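Input: structures, listed below.
Shared chain: chain A. Partners: chain B in the first complex, chain C in the second.
And then the complex of A and B:
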């Protein structure tokens, strides 16, 4: 039987897998960049930039979790990228993926607090 | 001071601090190119710079040349044959997106545009003044005009209707690999005969210089008419376009084909219902509406004569937009219905073929070749049939093992080479570097390739601009 701790770890893993599976369908077309209301000329201020950062952070541990949090929480959650990706591209559901990553980071923070 | 810190300090003395980033996540976002697998961590560029003037670009390039630091030139990074992808560690990613000026010179029938201007924004401006942009790529909402000129693409348009992009480029401003700034071409609509330096840069994929400004001929917009046809067989559409040219009808601005399978998801998304067959589309142009309409009527007749179950001129603006959006946004085909497994676009092939072999090539994509993984994957065929440019996209379920998916990608590339070699052609979009270099060497031979590499050595002796691209680094056989 699993202990509480391994259940937590499992669900973190599952969340990560779900996020990475979604990002895997992103074809990096950047159609979601110019129309993002937080975009002021730098790629991380867009859905694509956020997804690219999450992807390599989760896969290779690149960058700090604080910096990743800053990117993820600076999304205004307006869903414009989501609509655009659906109409012009592959329907990665970028906003949902960003929100899921917020939940993941919160979960990880909780876990660290407990340990 | 670490090497990286010195690099950044040196670059800050050239470009404004706000126009440079050494942040890891910016470097990942800029370094990642279109469709490709993830950027390898060791290839992530050391720094991203976005100069706002040709002088700044010149200083950055001079510095990199002196210090022998690789530069990857970046429009929007959407090309998917590996050209904007950094291949060597410790590079400078040079974004042109700080160069966005547009100056209209209507009295002389040209405009000048910064290489980093967005294609869609440029097109909007031109349309508002009664002109058109003689190109249309599927990524126009994100891609730059400099990126398109660097690979000389007109995207979905028919080459023999209005010509290739280079036919509109009257001249360019370029920063050479040693940092010198030069201007090429002319301000007259009469183009230079013989030597025209423009050709060293337009279509050369950034290996000889950084294009900073482009002078392009203004093209007054045309009246348009739209035709749609649904056919029992995909090859019927090929025969329709073969017949159209045989009958010496004027080439349409667009001539597109989409197999029935590829219509399903984009149609569903736009409420177009079930496709009635494989779809053929054409847009005709004329100086008057009557002229465009007459040509459209003739194409609809040709469609019918080639077995279309339905062929008509589309007059409703909503319908025109929906059919064309279904074709333009082809990646919608990856949208599987709720509950079905996601598809990944693993093998993409793009090849241009002789007119008389259009139908043969479609059959070859489907059944003629002997690549086993491709036969297992789900194939969608679409393309710019009016300009003899066909695409095959082999998609695999996301659950396939990575190795098998990568094999699918490899096989599609091998098939692309095979088709182009069999019919003596070349791919007509997206550019040749870096993935297509093995093909380039086979197709035009080692003597031609050595000539190209020798020219590169003379122009860029330290190989700082897009190094690894002409070498096909990372895409060896």
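And then the complex of A and C:
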């Protein structure tokens, strides 16, 4: 699928490692929770909750992939959490990590489609 | 265990991908691209190249589609909302540009493409030497990135870089924050040897206003609340330039919402991409943001991104709030006379 001038893209494993490494630096301070415009009382509507769900799914297979997809696609990519995390916490880059997880899921599905 | 793409990526996002890859814009409308520039006589080559992007050019279709989608919901076709609907329309033989023409003709002007004309004129008035690529301008592909299609994004970015290079383009001025962030911050990560200089319109304007003696002035006083678009404030990290520009406009009073609701902490209005997969949530975000902005007591809401402007307009209409929503470009154009 890749053209010659296209840089080698991360493999699925590398993407997973990058995502999980980012999440490991989260200190669970939850400072990002009230920042999230989609937060309406459920923790999974926040960056912290989305990251926790990604972690549990990738590491232990918890939750269905459809449910995970629903959670990460309900993020508005607004980076308000990321700004807060960068300033007060450990710079997990929550928004970028959520987007990276979308890319991981899409790539997995495309690979499955080819096999 | 194996899942198909549509089980892990919401269907509207899959449509967006198809539209960009097949039609070169996220809505998949066949193109009168560059039509907005027909009276401007912009050269193809200049010191800076104005990057118009898809948003302002196609926003009128989104509005038209949303209206059509709302009425189609009654006959059970509304589920894919705005994005996929152009496909649905195509399948059942409805000509989308003609619907939009009708919506537009029915007393509603196209308020979006005119912003491109104004922006280009503003740059010219400020003495910036700009050119335009016309139909050669590609889609930057940023929705591909956010929807999860990284490989397609990278392929598109590399293809686009070749186009820029072959046309001898070195410096871009973007107007749409998301396109500008994509071209400035993501392309260098994925395109080897990427060396284009990318600026956002408002930075250039702020700089030129400092360097020249031009003093923008409004005929009538305006009290506004400014909504920082996420892509401008937190992706491009541009929060001072629009404020410097606003401060330079005589007759303009800026009211800021609470400090934790503006600049880099600006609350998201939901306009950037949420509509595709979570329309109800998107609507709630818009209403909450408008409330924050109205609490400032301003009677005009100003932003600087086509998606935000459209979302804020829809939200104020929904709330039946008696406020105008405008793009900063419109105000500046008026103030520069």
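The rule we apply is simple: the second predicted complex is superposed on the first by the 105 of 115 C-alpha atoms of A that agree within 3 Å, B and C clash if a C-alpha of one lies under 4 Å from a C-alpha of the other, contacts with A are read in each partner's own complex, and residues count from 1 in each chain.
Here, a contact is a pair of C-beta atoms (placed from the backbone, for glycine too) under 8 Å apart; a residue touches a chain by one contact, two chains touch by 3 or more.
This one's a predicted model, so the numbers in the text were calculated from it and none came from an experiment.
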Chain B and chain C placed together on chain A: clash or fit? fit
_Partner chain in contact with A:37 - chain B first, chain C second, else both or neither_ = second
- First (chain B), second (chain C), both or neither: which does A:48 touch? first
Quiz item: Does the superposition put A:99 against chain B (first), chain C (second), both, or neither?
Solution: second
> Who does A:79 touch here: chain B (first), chain C (second), both, or neither?
Replying inline: second
- Task: Mind working out whether A:65 is in touch with chain B, chain C, both or neither, as first, second, both or neither?
- Result: second
In the overlay, chain B and chain C get no closer at Cα level (Å) than 12
The intersection of the chain A residues contacting chain B with those contacting chain C is 35
Touching chain A in the complex, chain C uses residues 2-5, 7-10, 13, 145-151, 154-155, 158, 162, 190-192, 230, 234-235, 264-268, 270, 272-274, 277-278, 281-282, 284-285, 288-289
In their shared complex, chain C is touched by residues of chain A numbered 1-3, 5-7, 9, 35, 37-38, 40, 65-66, 69, 73-74, 76-80, 82-83, 99, 102-110, 112-113, 115
Chain B contacts chain A in the complex at 21, 23-26, 28-30, 32-36, 38-39, 41, 44, 50, 76-78, 80, 97, 118, 139, 141-142, 269, 325, 329, 331-332, 334-335, 342, 344-345, 398
Given the complex, residues on chain A that touch chain B span 21, 24-25, 27-31, 33-35, 41-44, 48-49, 52-53, 55-57, 59-60, 62-63, 67-68, 71, 86-91
